[in-house]
Each structure stands twice: as C-alpha cells, then as structure tokens.
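Two complexes are shown next, each including subunit A; its partner changes from subunit B in the first to subunit C in the second.
And then the complex of A and B:
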C-alpha cells in the first residue's frame, strides 16, 4: 500500500494525475462521439449498398469493395480529383505568390497599409456561400459583369459557368480571390516578426529590396509559408460550399466537380450512402496521409 | 580618404527635434566615440551616417561626397549592430560572405577574403555553424567579420558590446580598438558607457538632448570639461559638484559655510565673474582624507562617513559634509578603511578645481 501511495504521489507531481482525470474524460468522450464513431461508421457503410432511409440491417446489402472499385473507375471521379489538384496547383503558382507579394508591400505598419489589409482580407470574411452567390452574378452572361464586358466589345453573350472548358477555371478565379487575403495575413504576421536590424544590415551589405525579399525575408518566414501551404492543400481537399451556388451537380458534364462535391452529388443527392461513405473514406485517407507526411517531412524540418 | 562632416545637421520626427543642428567633423582613420545618456541622439546620428535615417536639414559629407540622398548600399559603410543582426538562416561563412556575394565577386576571391577575416577574428573553426549555435561573444565576432570583410571606408558601431558580460566586454573593447588601428578605417562608435568611450576613442563627442556638448580627446574631456554635463558624465565615480559664490572682490570662493582663496589658475576668471554664483567641481581622486596626501593648496571639508564601497585597490567613501548639506565622494586608502558613522575630514586639492558658471553651466574661461 505504501509503495502505491508513493508511486501515486510521484506521478501526481504538480497535479498531473488530477488534471488528467478531470480533463481527459470530457474531451475524450466528445472526440469519440463526434469524430471517431462517425469515421468508423462511414468505414462500415462504405462496404454496403444502402440508401440510408431504412435501418442498415434491413435495407443494406453487403457489397464488399464494390463501391471502391466503382469510384476508382469512374471518369467523373477522375475529373474531380484532377480539379482538386488544379486548386492546389493554382494556389501554389498564383494564390500564394500573390499573397506573398502583397504581404511584403503592406507588411509595414501604417494607416494606409491597414486599409489595404482590410480590403484584401474582406473576401475571406464573407461566408463561402455568399461569395459563391456574388460571383454567380458576376459570371452571369445576361446581367453580370461578364455580360457588361461582352456587351462593351460587342461580342456574343458568354456564360462561363455553363461552358464545359471554362466552368472550373471560373471557380479557380473565385478561389484565389477568396483566400489570398488569408494567406497574406499569415505572411504579414511572419514578416512582422523579422527584426528590422536584419533588413538594415542587409541594406548596408548592399542588398536591393528584391534581394532582401528573396534572400532574407523569404527564408526567414519559411515556417509561415509551409503552414499556409498546408492550409491551402487541406482547403482544396475539402473545397465545397463555395462551388454549390456557382455550379449545380458538378457543372456542365460534371466538369467542375471536386472530391467533396462529387461525394455530395453521388452519395447524398442520389441517396447512395454506402457509395458516399466510400468517397469519404478515400478523402479521409488522403487527408491523413498528406497531413502526416507533411508534418513529418516539412513542418518538422528546421531549415 | 573618408572623413565625415556634419554641417548644421538637424533630425526631427514631426515636431520633435532629436538632433538640433549638429556640426561635427570626424577625421580620416579616426576612432570617434559618440557618447551620451539614452535618448541623447547618438544612435540617430550614427544611423544618419549609415543612411538608415533621413536627414531633415543640413548636409552630411563622407569624403568629398554629400550623402544626404545616397542609398545605404552606395555609401560604402559597414555597421555592427547591438543585436548583431546576423542572418539566422545562414552559416557563419555565408553571413560574412553575403555582402561580397551581392557584389558579384568571384567565388574563390570571396573564399579567400572570408578565410582571412575569419582568421583575424579566430572564427575559422566556426565557419560552418549557424548563428544559433554560437555564444554571444562569437556572434559579436561574426558581426565584426561581416563588417571588416568588405573593407568599407567607414565602420559604424552601435553599442556593440552592451550584450556581452563584463569580462568579455573588456576583452572585445581592446580587440576592436586594436583592429581599427590596424585596418586604419574611419570608425564611429556609439556607446552610453563612458569607460568604453574613454578607453577606445581617439576623440569623444558627448551628446545630450540632441546637442553636441563637447568634442575632444579623452584627456581633454577629463581635464577640461566644457560644461557641467560633461564634467559629471565623464569619470567614475562622478565629479562632486557644489553650488557656490565668488566674493565681490573676486578673490575668494565660498561653498556653504566653507570659504577659500581662489586658486592661481582661476584668478582671472574669478575677477571677471566677481560676485556671481558658480558651480564648483572636484573629482573624488582630488578629495582625500587629510593625512593621505601631500597637496599644498587644499580646502578642508569635515563631516561623517555615510557609505563605504571597497573596490580592492581603493575605497570610495561617501561623506556628508557639515555646513554644506551635501554628500561628497572621496577616495581613501584600503588599509585605512573608515566605518560608516565615523567622523571624517577630507581635503580637496584646490589646484584641480573646476569652475562652471552658475547660470549657463559652462566652464569659466581660465
């Protein structure tokens, strides 16, 4: 008994055990209830052909890996994966560099810069659905901004969202517009932590503003950059709400599907809960694999 | 040739003038120390030479060239920062080589120069480390290396030793001074530490509230301070200062109830200022117990001991003087250390007296 008491006493140094016993159960319960159980459930459903209206035991039919086979062989799913990849590519090539350039231009503290920051950050504050609606009006070929432009140049009316080769490009524009401000803010926070002395030392060393940006500032805010890359990839994988008001049912010929809109269309709208669950499981695995590899090889490296 | 010339230079931030019309010439190859309390404008002055602060009015020349509108990178100056400002993502070698690489110098030439600088500063074994893996003193050396490798025409130092411990500071003080003499490059060194100023500078410029109070060699500043501020700023412990008066006939000086004849070298000055209030200054080393000196011309101050600070080689005694309502700092022999509360008489060497105008605080012209 004495040894157990001693052991407990040591383990409870600084109230560690007490904290654990008081704080772990509620969090663990909530996490289990809302994260682990649903994931496990959809894992289970993904092996069934089930419409979700009747209990699984009555209406579900075990199909093994059939759902997965169908998804991986489905050309629309291929398109959805490619589109998701395009969001990532555009983010890396256009959105993040744009955010970085703007961040460097307006990182210093001044009243004018505050105004610019607010303007650039505004799109991010809007709800995704609202942003989608706004851009649906802009892209409208009869009444929108696009209509005004085609009218000005005397061209045929153009409906970007109804055009198979344009619909997703139109969405990509909205994605860049909506989220660059967010990444810009991450970079500004990073840039403000770079000490003025370093910039001044580089000036005296003979560096031009561009050299300072590329050789001093960029390497120093690498932690902020890799964080923003992480967010933008995860965001692309989960991209959904903003697409809904812009294009219905994956746009013309399913050309504008992303992984999540594909899941929604073929899983929820068509009442194939098993099929949808299988898409969810695939998406979940991709996210987990990405998150862990990125954490392990990129976030953890100290350059 | 890289002398530096300030001509009526003013620096203001909005309505606040931090530098009020500065005229100062720094000679080629000279080690000039700018010293003063915080907020006196010494760092601003240095940063104006570097080109990191704009000049509001007046002209600044480096060599023959007016540099008011010259970009920092085109001024050929190198600066050592208080924070060292090493690039944390670069190795020591890359830090030192950065300025050379920006100048598109061939790689083997850069390597030779960097190795040479590293050897001078004892950095050779550390060249591949990142700044994070260095001690404060080593970082300091890298910052120096980055400055010397470019062979600039002007060195600027912004309190470079203030983050080092006392021992290292003394060591680096000597090293920087030696390095500067060897490289023979005009240097401007900012510090708030008057010991650093005294030991390193060829000349010292004392700044206070944006005004230049005196420029001169360390000894000039010590022996003939131009005003009360310089008198009290230079020298440790501080100079004793008491308010006094010159008698109507200009032959006697009184401080409190103590009166003594005007010493020979101040006779003319006191005649000219007869009857006026003055500040009387005397350094602690010219204030000794009555049996520890062989001075001829002294004034005796009596009182009792307040505080005793034993420094090993000497003792600093704070004595409250009767009839003066003032505490005077004196020095004493270690082997005759007094005890607080003791009665004590100290003598002031009147031949080493400093007299300042009672209103303007300027030194009386002797």
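And then the complex of A and C:
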C-alpha cells in the first residue's frame, strides 16, 4: 500500500495523473462514440439486410457480402463513382489552374487586390445548400438566367438540370464557382512566403514575368499546391450538400449521382441500413487509402 | 521600346479582363438573388438581371417579421455556439497532453485521433443515426452538436498541438520548477498565449457548424429545433416556384455570414486557409 502511494505520489508530480485523467477522456470519448464506433458499426451492419427500426438481432438478416456485390455491380453506382472522379478532374484542369493564375495576379498587397480577393473568396463562406439553391434558380428554364438567355435568342425553354447530359456539368460549374476562391487563398498564402529578393534577382537576370511564374514561383509553392489537391479530392469524395437543392434523387436517370448522394438515396431514403453502411464502408476505405498513399508519397516527399 | 510597351499593354488588359470577368461570374448570382427578392414573380421571369421596377419589400418583410425565421437563427446559434465551445475546450486539453506530457501510448492515441481527419461524417451517417436514436437524442440540439464535435476534433487537435509545440520550452520548465501544476500551467499560461490559434480553430469550426446540413437533416425531424439550412430547404419546398420569396429568404439567411465575413475577414481567411497551410 505504502509503495503504491509513493509511486502515485511520484507519478502525480505537478498533478500529472490528475491532469491526464481530466484532459484525455472528454475529447477521446466523444470522438470514439460518435466517429470511430459508427464507422466500426458500419462494417458490422454492412453484412446484414436490415431496416434499422427493430433491433439488429431480431430484424436483421445476415447476407454476407451480398450488399457489396450489389453495389459494385450497380450501374448507378458506377455513374456515381465516375461523377466523383469528374469533380476531381475538373478541379485539376480548370479550378486549380484558374485559382493559381488569379493568385499570381493579385498576390501583392494593394487595396484593389484586396477587393478582388474578398470577392473571389465570398462564395466559399456560403453554405453548400445555399450555393446549390441560388444556382437552382439560375438554371431554372422558366425564371432564371438560363430562361433569360433562351428568351433573348428566341429559343425553346431549356432546363439544364433536367437534361441527362447537362445536369452534372451544370453542377460542376457551381463547384468551381464556390471553391476556386478557397484554393486561390491557399496559393496566395504560399506565394507570400516566396522571398522578394529571389524575384528581384531573377528580374535582374532578365527573366520574363511568365518565366518567373513558371520556373520560380510554381516550384516554390508546391507545398500549397499539393495541399489544395488533397482538399479537392477529399471534397469530391464527400460531395453531397450542394447537390441536394440542385437535383432530386440523383437527377435525370441517376446521371448526377455522386458517392454520397448514392448512399443517401439507396441507404437512407429507402431505410436500407445494411446497404447504406456498405456504401459507407467503401467510401471510408477509398478515403483512408487515398489519405495514406497521398501522405506517404506526396506530402512526405521533400519539395 | 515600343514593342515592350505594346506587349505590356496586352498583358495588362488580359490581366484586368480575366479579373473582371471572374468577378462578374462570382457576383452575378449574388446580384440576381438579392434583387430577386424585391421583384414580383412576373418581373423575375422576364428580367432576372435588371433592377426592380418598384422595390417591393413584401417578401423581405414577411420573412423578417416571421417568428420562424428568428427561431431558426436562434437554433443555429445554439448549435454552433455549443459546438465551437466544446471543440475549443476538449481539443486544446487533449492537444496539451500530446505536446507537454509524456505517457504510455501517447503516439498511438495521437494517431488514433488523427484518423478522424481521413474520413468525412457521411461515411458513418447511418450507424450514427441509430446511435443518436438509441441514446434518445433525436430532435435535440445535442444530437447534432456531438457528431459535429466528433468530426471537428481531429483537425483541431492537430492545429492546437502544432501551436503548443512552438511555445518556448523554457516557460514550461520554469513553471514546473516553481511548483506550478500541469493544470494551472495550461489554464493560466498556455491558454492566454493561444488566442491566435483559438481564433483560427474557432472560425474553422464555426463556419463548418453554421453551414452544416447533413447532420441536422438526419437527426432532426421537429421543426422547432431546425437550424437555418433545414429551414431554408423547408421554405423552398413550401413555396415551390415562388422564386421571389425564396430568393429573399436566401438573402436573409446569408446576411449573418456575409456580415461576419466582412467584419472579421482577416480571421476568417486565416482560419479557413491558414489552418490548412500550417497543417
């Protein structure tokens, strides 16, 4: 007893044990209960056919890997994965280059540049549902901007969101509209750490502005670029809220589904807990595999 | 010489052209939305871009005078207020044990928490719903707050830990020699020095929570506890094609965010991108 007390006394110098006992549990408990346990339970539920209204032991039917087989063989799911990939592709080809060009144009500090920065960043602070709803109006073939344009040229009313080949492209425009300013700000923060001396020296050596941008600035802000690529992929993988006001049930013929809208439509709306959980597990695996490989091979590499 | 001037003229007009065109692309939807709320339906149909012929404030007044609007704003305020406070307190305490204390399994626990950064809340939404339901927390603020906290913790702990580790080590050693306990050191020395990181993390969580739609959508069924994004979608469902009302409603609901952004732009940009760049 005496020894234990002595040991505790030493261990608790400066209130060490007390502090650990008070500081560790709150965050760890909330995190475990509401983030880790649910994803672990997704793993369990995904092997069942279950509506969630009765306890799993009574109403759940073990189906093994059937849910996974169904999902991986479902053409709507293939479309959802492809659309998720399209968000990443558009991001790489249009959004990030646009953000980079704008960042270089307005990276220096001045009042005018500051106004442009504020304007470009503004859509990012909106909720995704608001961005979606505003553009839902713009795309309305009867009222919005699209209606005004078709009216002007005397064309038939056109509803891009109801058109199978246009719906998802229309959504991609909203994605760029809302997020390019965010990536631009990441690049501006990166550009501000590039030393002015370096740029001056390059100018003295006769480098043109374009050479400076491509050969000096771009390589130096690679850390900011790889970070913004990471965020745009993670953003694409969880894309959901913006789509809700724009298209219902994945748009015309399910052509505008992404992975999470697919999960919502086939898991939550139809009360298929097992099926939805299996989609969640697939999404989880994709996220973790991507995050680990990206951290290991891109983020960890020097420069 | 003239050649250089010409090319700089071309590149300068290209620069301004691109900036103005992008600004137009960004601002046009805002312009249409704010003005749309002042128009009649008929006018909205023929002239979505023009200034309203008469500034009809009925739609705006209806919304501003409706108690529902204010109740929803209040609900959002409560949910966001609790989410931000709980994240700031619990994440900073946890991060402090990682940065200033040695204990068995520290690195494992840290990796465990950081795992939370790798998957979005949507992946676990169904079991999360069942858990919240079984705890009896559906249709309560707590049913939205706790999942929001859980999915905000990882990034916050990372940011706090990075900041705490940059605090001077001498400070800590001197305090311990003077017999200051860990707890007192944290509350009286570390916290007052941490205002920049508290602001960064606070803004980051605040914006996420204020704008969050998926958790309230799943957890809340009772209109009395709806935060504003759910209220907005409900309003949209109720008024269908009365776009002038819906646009007015959008304008009213984005006002707090826009005002806060203009008022605290430095902190917001730092909170939403600085955290990213440092992390």
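Just so it is clear, the second predicted complex is superposed on the first by the 281 of 303 C-alpha atoms of A that agree within 3 Å, B and C clash if a C-alpha of one lies under 4 Å from a C-alpha of the other, contacts with A are read in each partner's own complex, and residues count from 1 in each chain.
The rule is short, and it goes like this: contacts are C-beta pairs under 8 Å (C-beta built on N, C-alpha and C of every residue); 3 or more make two chains touch, one makes a residue touch a chain.
Note that the coordinates shown come from a computational prediction; the quantities given were computed from them, not determined experimentally.
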| item | value |
| --- | --- |
| Room on subunit A for both subunit B and subunit C (clash or fit) | fit |
| Touched partner set for A:198, first subunit B, second subunit C, both or neither | first |
| Touching partner for A:220 - first (subunit B), second (subunit C), both, neither | first |
| Contacts of A:206 with subunit B and subunit C, given as first, second, both or neither | first |
| Partner chain(s) touched by A:231 [first = subunit B, second = subunit C, both, neither] | second |
| In the superposition, subunit B vs subunit C on subunit A residues touched | C |
| Which of subunit B and subunit C A:24 touches, first, second, both or neither | second |
| Touching partner for A:263 - first (subunit B), second (subunit C), both, neither | second |
| CA minimum distance (subunit B, subunit C), superposed complexes, angstrom | 8 |
| Subunit A residues touching subunit B - in the complex, by the definition given at the top | 195, 197-198, 200-208, 211, 215-216, 219-220, 222, 303 |
| Contact set on subunit A toward subunit C in their complex | 14-16, 18-20, 22-24, 26-28, 30-31, 33-39, 41-42, 45, 52, 98, 101-102, 105-106, 116-130, 133-135, 137-138, 140, 142-145, 147-148, 151, 177, 181-182, 185-186, 189-190, 209, 223-224, 227, 231, 234, 237-238, 240-241, 244-245, 260, 263, 267-268, 273, 276-277, 280-281, 283-284, 287-288, 291-292 |
| Of subunit B, residues touching subunit A in the complex | 50-52, 71-73, 77-79, 81-83, 85, 87-89, 98-99, 102-103, 146, 150 |
| Contacting residues of subunit C [partner subunit A, same complex] | 11, 15, 18-19, 22-23, 25-30, 32-33, 36, 44-49, 86, 89-91, 93-94, 96-97, 101, 103, 109, 112-113, 115-131, 146-147, 149-151, 153-154, 157, 176, 179-186, 207, 210-214, 218, 229, 232-233, 236, 241, 243, 246-247, 250, 253-254, 257-258, 261-262, 265, 268-269, 272-274, 276-277 |
